[in-house]
Amino acid sequence: GGDDLVIGVSTSVRDTGLLDELVDEFKRQRPDQAATVKPVAAGSGQLIELALRGEVDILIIHLPGAEAKLIADGDGIDRRELMHNFFALVGPPDDPARAQSTLTMAEALKRIAATEKTFISRGDNSGTHLREMALWRQAGIDPVGESWYQESGAGQGQSLLVASDKGAYTLVDSGTFVVFQERLELELYVSDEEPNQYSIIRVNPDKHGVNEAAALAFAEFLTSPAGQRIIAGFGLEKYGEPLFVPAGPGSDSEPAATPER
Amino acid sequence: MTQPKMGVRGILVERAGHRILFVEELDVSPGEVLAVVGPNGAGKSTLIHVLALLERPSEGEVLFDGRPVRGDLLPYRRRMAVVFQEPLLLDATVESNVGSGLSLRGVPRAERAHRVRRWLERFGIAALARRSAHTLSGGEAQRVSLARALVLEPEVLLLDEPFAALDEPTRQALIDDLDRALAETGTTVVFVSHDRAEALRLGDRVAVIIGGRIRQVGPPSQVFAAPADEEVAAFLGVETIVPGRISAVEEGLAVVEVSSCRVEAASALEGPSAGEVLVCLRPEDVVLSPAEDRPAATSARNRLPSVVRRVVRSGAQVRVELDAGFPLVALITKQSLEELSLEAGSRVVASFKATAVHLIPRHARPQSPSG
Amino acid sequence: MELIWDGIREAFRLIFTGNAEVYEIAFLSLAVSGAATGIALIIGLSIASFLAFRAPPGRTLALSLLNSGMALPPVVVGLVVAVMLWRTGPLGQLHLLYTPAAIVIAQAVIATPVVTALSVVALQTLHPKLRLQVLALGASRWQAAWLLFREARLPLIAAAMAGFGAAISEVGASMMVGGNIKGSTRTLTTSTVLEVSRGNLEAAMALAFILLVLVYAVMLTLTIVQQRRRAS
Amino acid sequence: MELIWDGIREAFRLIFTGNAEVYEIAFLSLAVSGAATGIALIIGLSIASFLAFRAPPGRTLALSLLNSGMALPPVVVGLVVAVMLWRTGPLGQLHLLYTPAAIVIAQAVIATPVVTALSVVALQTLHPKLRLQVLALGASRWQAAWLLFREARLPLIAAAMAGFGAAISEVGASMMVGGNIKGSTRTLTTSTVLEVSRGNLEAAMALAFILLVLVYAVMLTLTIVQQRRRAS
Amino acid sequence: MTQPKMGVRGILVERAGHRILFVEELDVSPGEVLAVVGPNGAGKSTLIHVLALLERPSEGEVLFDGRPVRGDLLPYRRRMAVVFQEPLLLDATVESNVGSGLSLRGVPRAERAHRVRRWLERFGIAALARRSAHTLSGGEAQRVSLARALVLEPEVLLLDEPFAALDEPTRQALIDDLDRALAETGTTVVFVSHDRAEALRLGDRVAVIIGGRIRQVGPPSQVFAAPADEEVAAFLGVETIVPGRISAVEEGLAVVEVSSCRVEAASALEGPSAGEVLVCLRPEDVVLSPAEDRPAATSARNRLPSVVRRVVRSGAQVRVELDAGFPLVALITKQSLEELSLEAGSRVVASFKATAVHLIPRHARPQSPSG
């Protein structure tokens, strides 16, 4: 494989700015790697494609189903959980579907469907989109094709802007919502019960010509207390709350904890 | 005199800080053909542009039918037609080029086709009708450009060297044709030409522009016979222009001393009747006869024994350069050349009438043009 | 590499199986970019005529601004147009955001400087006396413009093609002001981007191929019109 | 609306506080797009000379392809170039992906059809006999090309500006083949997009403004060169 | 004869399926000046393009120094200079336009400046040196175009109507100048002109092209005196061309019946010595005298009583159209006009020498050109 370390990163991680901080710190710690680190942000589906072709060395991704398949097929190895936040249902301030008073996501979605209030779906096979589909299934509704169900096919932030402009509901990860909140006329009504889990997967060096050593080093760094501490603190200063919850304790040299499922 | 069809008053055109045209006053009567002549860069094309209302002079105004041109220029422009020095044809067929002015005026298709055809035939380019204008030869393009203007049958026709690229038989035929057509239709014409013969042939009056100013305007014979100043004389091809001094004026004839010779001139000289002058003589006014000839009873008052310096064929004629005490040029026919069997060194007598001599006061200043 | 071939194969499948969604998207792309180019041409030719024929003072300045306009990133145009069209923006009352009309506006903003800047030059390369000749033939102001446009059709059609190319190939602005909403504002480029981010690279290739085939049909027509009777 | 003013204010702050990262990004943008335009000019002028002066059979076909090339969506170009440069791709051994060189290649692919198509037309609008005149003066093939380029400098510089505009304003390809890597392949447009997706719209505006100021400096220079001695 | 400097063999040029030039053979000797004349669209410019190696004919080849031109054309082109019919100036100063050929040849700056200055002065455009070429007047541009070619001091000079836009004094001066300069330097020249006088003045030989073919080549006097066919005759301005019938040949003189008149001709007629012919007569060869004049002892064998139909001034001369039983044109001077006091209806005697009459067999076919 090449000497570069190509890191495939989900766009939401890049968009928040967390990626830059992590990479900067990694470069500081490993000056030998500094010149070769190439973090590349892309849609989750695109990341999986790249991994399958051995075009990236390591992934930071939140796409549970595809992650499992990647590992099952032997293209990915060494999955480690990195951090998480939550999905949330957001909608217009007057809450025409009265989602506020529901307890679960599925229930809220049922109300939206019942009242036929506009719902913006990202429709891009991203983690958020996949989770949204799962929630619709839970609610027992197939919204695709309904006039109130619109697929924006855009990034997370863009979808929020669309929803805000149209006075629509949408599903969003809590981190992105925090970042965009002040531009939006949207309020958070229901939080998802399941976390939005980001994990690290290395591409299998036995199957693809990848930069194993560097990828391992980066994975180690991310799960190290130093890496975890950055995650824990990220966003505090700017938004008053952290955007992600690190998977590990974020202190000392303990290995990252395996989260309860 | 009827009211002038077109005119200019106090026109000044400047380019890059240079005055390239300055005309106090110039009028063209209805139906008149004004020939504009002058050396290269004199401002002739500029004058045409000003008259065509295509160039706004920095000072002065253009008159049309006696009134200053103001407001929308389109109605005026539609009463004129212009042939530019370069034939700027549109990237279309010959036919649609020639018809373009008509279709801009909304002339119906059928009439347009008819008129276009007539003028194409008149210019001998009917066979080129469907050809793309950009494939034409130089002369063919100029014919199209001419036809495009004439098909409009305008009140005023402005022509800038319209015949320069035409072959000689065509040019002659066209000039004949045009002369007749213009007289019939009463079109007012201003045309620029380098060809003095053309100007003489077509022009009712001739205007001489030199250095951006009109130096002289008048009937061709007058302008050619009595150039207003040295530059005009030189330009008009008065090839013998020698300095002299008026020594006496007898019976309306001035006696001028030129080098060692005496020349009698009937030229009406304004200003001081004695002093330094330029003696102008047109080569075709000089007649040559054998040196031994007895003086015949002719009206030629000046008879100067001369030596032939050089014989040059010039078209159908022969130019003989003589030394008559001063340089003198004569234009004679081939027959005369044969009969006199002239060659360099031959001795001849050069004679010319006193009326053929034109005197210009020395250091003459350009005059204001007289309309 | 085989990705590209797979994409082309997929494109043919989509075209020949009569995939309604693809047809719809393709039609929207052409309609929107065509409209934007039309607007750009109207504005562009007016400004260009003024700048080229009147040669007003400050023409070089105006031209340099127009030329800079050719480098407007679509995403910036999208952002600015979105700001205008936001509900709280100055044109919010029109409720145009996330409609095809918004994309037309944004693409027109992108195409206009391209069309204008190239049209100015197109008209400037005409023989300077040709305008006088046309006026001398008795053309009104509009007739003169029309005749001169015809004379400059070679570079003017090139300008139109460049404008159309800029409009139909951009994605940032369509995304921003259109929102890539399925069945409404999804164009060939925005759905290509979507397919890329979904990881459906063959599908992305297929859409791109369909786009290029459509574009080629348009450009071939225009090129033939442009080059007609220029043969000799 | 105030977003735009905030953006401009932010731009001045970034410029005058000497934000090293911004300077670096701006420099990279100019360097990369300048190089891409240079490559496009070399290729474009060669092809254009051939098509315009030799008038080979099939010229209209070639031109229509070039014109279609003006509508290549950057993201598609990015995808194709990326496929070529992938580790497993035909040019993988060069290790160019995610380097500035890759962006140069992708932008050159974008700019070349623009420059070429417009240059063909630029050379076609020259007086057809001018080439003969230049050859008659004793010009070698290269000298003739140079003299004719000089004669057509007005539309040729416009072609170069359009190519540069297309290159520096595109984002899809830079993103795809450059990866928008901080300190390495981040350009003004990719970081603008990044700021937009981060919701930092003022910052995005500021970067866009800086881009436009730089572009304006380049375009003003080129426009002045282009329009020089065209005054009368 | 020395080896020709340039020549063409079997040249065929086609455009859009039309044969626009077809020349079997044409040679130009070193130092010779060949004048090419012909009507508009005849193919003159095309011939110049072929000779200048700028247009590749679909058939045939161009010879340079006796050898066919093959391979790289640049070395050949650098030994020639061409002046196009339109002055295609580069968008640069006058100076750098005139210097462009020199700088392409790598002539050092100092020498270039010197030579450019000399030629600018020679053409009277030194004052325009720093002006942008696109601001020039028509004639100024043509001077620049001429200077640009002549400054190269080439072995072969190809001129396509180089003087069309020049004013007459300049043109005369230039032709004089050029004539001398070309003779001195031994430059081989092919030049196209519409002006018959120019062709006569400068050309060592004249080639007449009509309809894409060279109809006649020869010394000017021969070509003008004995046009090869009717079209050549008409083009060359032999204005009287009337059909007649040879009734007898006596003592080397042909007696031709024209209408009701008898005309004696000394023209050497090839082919059948009797039959239908065209009688050609140049107007300047016709002498007019008063009707009552007794026949003087002149060499004019033909004396035809005629009636004046029309009198037309044509430049410095006068064209008199006569009816002598058939239409006849005479060119006379202003003096003669005055002396004879001619006007429409006057009776005169038109006389001309038998040697001035040229006979062309009726329905003559164009001949192959003879180099």
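Order of writing sets the labels: A, B, C, D and E. Residues in every chain begin at 1.
Everything below uses one rule, namely that a contact is a pair of C-beta atoms (placed from the backbone, for glycine too) under 8 Å apart; a residue touches a chain by one contact, two chains touch by 3 or more.
Nothing here was measured: the structure is a model prediction, and the numbers come from that model.
Of all chains in the assembly, those touching subunit C and also subunit E are B, D.
Farthest from subunit E, judged by the mean position of CA atoms in each chain, is A. The chain with its C-alpha centre at the largest distance from the centre of subunit B is A.
Once the centre of each chain is set as its mean CA position, subunit B and subunit D turn out to be 57 Å apart. With each centre defined as the average position of its C-alpha atoms, the distance from subunit C to subunit D rounds to 17 Å. The geometric centre of subunit A is 36 Å away from that of subunit C, both derived from CA atoms. For subunit E, residues that reach two or more other chains under the stated contact definition are 15-16, 86, 134-135.
Across the assembly, subunit C contributes 176, 196, 201, 232 as residues in contact with two or more other chains. Those residues of subunit A in touch with two or more other chains are numbered 11, 155, 158.
If you check the complex, the residues on subunit A that touch subunit C are 11, 42-49, 123-126, 150-155, 158-159, 161-162, 165-166, 185. If you check the complex, the residues on subunit C that touch subunit D are 1, 3-4, 59-61, 63-65, 67-76, 79-80, 83-84, 89-90, 114, 117-118, 121-122, 124-125, 152, 154-155, 158, 161-162, 164-166, 168-172, 176, 189, 192-193, 196, 201, 204-205, 208, 211-212, 215-216, 219-220, 222-224, 226-227, 230. On the subunit A side of its complex with subunit D, the touching residues are 1-4, 6, 11, 14-17, 20, 23-24, 37-41, 53-55, 155-158, 179-180, 183, 209. Interface of subunit C with subunit B (complex): residues 127, 129-130, 132-141, 143, 147, 150-151, 229, 232. Residues 49, 52, 54-55, 74, 77-78, 80-82, 84, 86, 88, 90-92, 100-101, 104-105, 132, 134-135, 148, 152 of subunit B touch subunit C in their complex.
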